[in-house]
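Two complexes come next, and they have one chain in common, chain A, joined by chain B in the first and chain C in the second.
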Partner chain A sequence: MSDGLKIVVLIKQVPDTSSAAGVNPDGTVDRVRARKMMNPFDQFALQKAIETRNAHGGEIIVVSMGPPPALAILHEACEYGADKGYLLSDRRLAASDTLATAFALFKTIEFIGNVDIVFTGLQTTDGDTAQVGPQIAERLDFPQVTYCEKMSIEGRTIRASRIIDGGIQRLEVDIPALITIANSASRLEHKRFYNVYRTRELLRDKQTLAKTVMTITLDNIGADPARVGLMGSPTVVGKTWKLGEKGGSCKMFQGDSAKHGVETLIESLSEDERGIEEYVL
Partner chain B sequence: MSERIEYDVSLIGASPSNLALAHRLVELASRPVRIAIFEKAKQIGGHLLSGAVSNPRVIKKLFPDWDKGGFPLQGICSDSYLSMVGIRRWENIPRLLTPSYFKKEGYAILCISDMASYMAEELQKRAAEKNGVIVDMFPGFAAQSIVFEGDRVIGVKVDNSDNGVRDICHAKVTVFGDKGFISRDLVSKYNLRKNPQVYSVGVKEVWSTEKSFEGKVWHILGYPLAPGHLGGGFIYGCKNNQLVIGMVMACDSANPNMRPPQVLQDLKKHPYVQEMIRGGKLLKYGASILPEGGYYSLPDKFAVDGAMLVGDALGTLDVKRFSGVDKAMESGYVAASSVWEAIEKDDFTQGTLNSFQPRLMCGWVGEELRDARYFKRVFDDYPEILGKMIPDMVKSIDSGKGPVWAGAQFGLSDPLGSLRLLGARKMVESPSDKGPAIYRPDRTHINPNYSETSAMPEGFDQSVIYSTADVVFYAHTHYEEDNNHIEEFDANVCVDCIEKFDAAGKDTPCVGDCTAEVHQTLEIDGKRRHAMALENCVQCTTCEIVCPFENLRVKAALHGYGPDFSGM
Partner chain C sequence: MSKYGDVAVIADQIQNDLRPVTFELLGAANDLAEKLGVKVLAIVMGHELGEIPQTLIYNGADKVYVVDQPELKEYSTLPYRRAAIAVLESLERPPHIVLCGATTLGRDLAPRIASYFETGLTADCTDLDIGDYVHKGKADPTKVGTYHNCLYSIRPSFGESLKARIIGPWKNPQMATARTGALVPFKTDTTRTGKIIRVTAKFEETDFRVRVIETAREVSDALDLLKAKVIVSGGFGLGGPEGFDLVRDLASIFGESAVGSSRKAVDSGWIPYSHQVGQTGKTVRPALYIALGISGAIQHRVGMSNSATIIAVNKDETAPIFQFAHYGIVGDLYEVAPLLKEHLKQSMSN
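Presenting the complex of A and B:
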């Protein structure tokens, strides 16, 4: 592409972590009832894409794989400034593990074609594997930078710094590349009025919408159904169980002032046989 | 493609008034119309706080099935009391002696924050059923300034990107139901208000209690307000064992340190309230202001070219009846007719838009505001009501006499004075013309040497009493580091101000009247200076109202920052 970069951001819809609605008694998530949101890790990827496009021009295409309600996060991404979106939605994708998910997303990126940079989040808050990004990079045969915090582009070269144990590693890769963004990178900026307005208009203009945020199936991307969904997923889940209740006990010291609260805290600690020292690490 | 964004109608504030306006406009719209609604809170209703017990007369028009489920009611008032309260005792005034406007039976008990989010949802549904009617809501986008073209309002600025034109929402008519947040700029540009607006500050807590008080409503006179201070308490029993406890106090007090949240704590120290909330739990805290000038603080015109004022921004609150919600909603309802007329004529000049003014003033809003026009002035003309009569009655109630006896006692002890007070009663109940009430801005009433101490109940349960710093936690404010929504114009003015109030042994008014412990004085470079912890702010604007040197401006915060008043 001559004018600017073709940037893909992978975003996933996950259950809203701040809402207790939709959690089954056994602790598993009832995915139908749970309130949903854009995977918080993907917001960093989206922000990096916005910064990259604003600096170098081009377009941001957000891509998600999920059931039809996941369209909502694509629309939300447009409110943040994304230009286009694809939702890969197909019943045959149900029960895909990371191998199958990465395969399907890889085929989607191939379908989009001529992509310069793929940004992904570090991991998701529901699957939590952090495997999808790297697997896609392998399939695309793109160089990958994981845990990337900062980056700059000169010509067709990306200079990136990634977080490693005990420090930072700097590396250079050539475009096209896949980059997973660390959650210590810059936070997603607030929505701009213009982008929110534009998205509202877009959602009403069905013709333009159909060309801007599209829902596609396995047939569109030419993916072999045998390689996705339950069939394409070698992962076997043995057993899931609930890890008990969160946290220990908590006692609130409230009073007419913070001072009063602290005083009663100190009082009660010093009544405790262990003494205050044991509480202070 | 042009980047200019334009709607037919732009509403500033997803307020009861503007939401009523939008509902009515959608109802009237017989051809396409584009409406935008801007709300500074992150969610519709997120910055809305009221009592509220309200006559459901406008709600009934918009939602005929309002009392049959769906519409978010906290309850319907079954018993209402006007209470005279001392530090020990609590007496409900006999019904026969209770003025009719304090009888609230049959009224709706509302949480206007919930009401607004419901109205917003319903609005979307109703608009969707009408071809070409568009309602776009923009929560989290505060109007920051008004955009003029010559003398005509052409829109508002709602963002600060680098791209100027993308930040403006143009509209043929912009309606301000924003409690004055930015519409005061309109009022001052056109010099619309010759008599200043005057305010009360209201603070409120929501409690979850062991017992249910659903449907019960108390309005409270006497304790805990100091003699001479206009205001009172309110307690409303809501569904799900929730109880609303609040205080409203006039800002035209001489006291530079009203400490509104602490006056509310004082109310909770009363044995009667202690009993109600024993074993209960504080759920929410918040504060807001009430523009109380009424009839004589209304602007000369309710519209200018391209813009209109509704609700509290206009000044429709009626203190006598403690009726703000219904009048705000009616103002929006009526304004919709003028907006529609303007759309049909394609004429958005003052000439057409201001048909709103006679429309509103000839209806019940105008009628009741006129009837209540001297309510505030009575307390200026007859300072003995707040200074002596009520304090005396409260004292005799504390000594074990009923309110009737206390009233009679007051009459006997000062027959001439009480005769004079008949004049006050007439001014409230059925006033004859005495010329306009003229107000001085609230800030001019402050006296650094004010001294008035009030007695406190004894033996209260400390665990239900909160410091201001602690109670603010329950306003759930959220701000990020780029926030800077209160402007202090001149730091040196503050230094002088602090010196003046220090000398009198007082805090400055901004410190002493803030509802969320935002303002502080700190020793910096050997001088006592003014500083702010903006992350606490509940955006009530009290500090701006009381700053004696007009040295503050509370702006509409960006990105939905501020308190979370859902459930208030």
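Presenting the complex of A and C:
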């Protein structure tokens, strides 16, 4: 391939639950007040895409589906080294579940056309399903590698290793393919790519930026509105409730010394009714 | 005959080793099937599966659909997808519910199957139930109505401090994946009988666009975490990677034990990710969980709060972990852990 690879990276804007702002005392997230950030897992995916493009040539197109403020993460991705971005933003997408989200993103990838590799994060910190990637791969009829840690490319073949329960699987995959990147892959190298590939100039130059990151709607990608949003979602949230605080049932040992605490604990353990004697006493 | 289709479980099997989640799914499937008045099906794919179908019957399956072909020797998405779809499409009546593990296998396979059938899939459930649902939403009039005997897929949501019940009665099968350690396993009964049905999948060339070069299973701690009876976990309170020597040391006195950790210890590079317990790590359910220097953040809690007994050691008496541990020792872990080891060892040898 003389032109290199056409790479799509799917990135989502999520509430930043690590900062105190917008996180309620009970741990729930106030989605309006919370600071927003690029989904941490998608940063690993972007890094893999950058490494791949730098090694093999081609272009990186970052794609996000979300409300207009999500433009910020596409801009950020371009600063790190992505070449172009699309924000799929449309009111009719509201309340999409994973099947509907995957359908909308699939239509966007089709709209982009001739894509060689789609990178996604392993999962989002708000949706937290790890489903969207494989659901898109099914629609695209692409092979997939989930939980990918390492990869290299030779010709039209990707060599990858993926995490499995209690081990590792090494694979070879034909391009085109969809890859979801595990959080044990290499982190986004902020400073380096910031300086080498793009500068803030891109952001200062609004006109270039507007050409680089575009907002599109369902009409642009030709997606049937009945297959996204509430109508296109086979699942709904029926009810939510708070995780009950157990509180107060913990037997505390402070004692005058650690030794005393441990001794008393061992005594209590022998009366423990949860059946741990078998393993412990 | 019941109004509803059966409850199907896709067995989680790597190199002919049935993963613990399979037995847990069969436990939950039996509860659901009883409420619906239907049977439990297990679908198992692999090669030279030997006693595995019989094991599934002993562990709660009424019927086992077996796809045993050389192409399925190692797990690979597309051949397994083809085989699972072959079984589901061979059924006279589509199942009401299909369950998978929220494992590296289930999370790879289940979304492909759900997308193929264009049906709903709820990820990482910690509880499953059956119940009615009334949909009043005006936004989508096609869904309005009362639905009976829906699958309730219950999962943590929004940074894990809420639980959500996800419903999807509009499409069948209703699908969910469940975390290892979250559901109660079926109690093995070797007198159970059931039917074993063989299905042959017809593969296409495109199913082999992924070639498995090697499946390397380290007999690693990661494996042990899910099977261990005792887990000793260390957190940021260890102060450094050397702290895990203390954790390992304490774990070593128990027979079937493993070493766990909080995410902060993993992020600090003190221990590999495979040891992480919690929302973005593993969900565990050992008989005994000892937490050393772990504050008990909600994201850690959801991964271990189902442990039968929890002992926490923390120097801060206000640490949240003391809100849900069963036993708490307030003190410096470097002082307490060696004492714990000594005393536990003593009482175990008595």
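Operating definition for what follows: the second predicted complex is superposed on the first by the 217 of 281 C-alpha atoms of A that agree within 3 Å, B and C clash if a C-alpha of one lies under 4 Å from a C-alpha of the other, contacts with A are read in each partner's own complex, and residues count from 1 in each chain.
Methods note: a contact is a pair of C-beta atoms (placed from the backbone, for glycine too) under 8 Å apart; a residue touches a chain by one contact, two chains touch by 3 or more.
Predicted model, so just to flag it, every value in this text is computed and none were measured.
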Could you tell me if A:163 is touching chain B, chain C, both of them or neither one (first, second, both, neither)? second
Chain B versus chain C as contact partner of A:78, first or second or both or neither: neither
Applying the document's definition of touch, where does A:261 land relative to chain B and chain C: first, second, both, or neither? both
What is the contact status of A:61 with respect to chain B (first) and chain C (second): first, second, both, or neither? neither
Let me test your reading of the model: by the given contact rule, A:98 touches which partner, first (chain B), second (chain C), both or neither? second
Can you tell me whether chain B or chain C touches more residues on chain A? C
Overlap of the chain B and chain C footprints on chain A, listed as residue numbers: 254, 258, 261
Which residues of chain C touch chain A in their complex? 14, 19, 74-78, 103-105, 107-112, 114-116, 118-124, 133, 135, 137, 139-140, 142-143, 152-153, 156-168, 170-171, 206, 209-220, 222-223, 226, 229-230, 254-256, 272-274, 279-280, 287-288, 298, 302, 308-309, 311-312, 317, 322-332, 335-336, 339-340, 343-344, 347-348, 350
Touch list for chain A against partner chain B, complex: 190-194, 196-197, 200, 204, 254-258, 260-261
Per the touch rule above, chain B residues touching chain A in the complex are 3, 5, 134, 136, 138, 140-141, 158-159, 161, 163, 166-167, 169, 265, 462-463, 465-467, 469-470, 558-559
The chain A residues in contact with chain C across the complex are 15, 17, 23, 26-29, 95, 97-99, 102, 123, 125-126, 128-135, 137-139, 141, 143-147, 159, 162-174, 177, 183-184, 230-231, 233-243, 245-254, 258-259, 261-263, 265-266, 268-270, 272, 274-276, 278-281
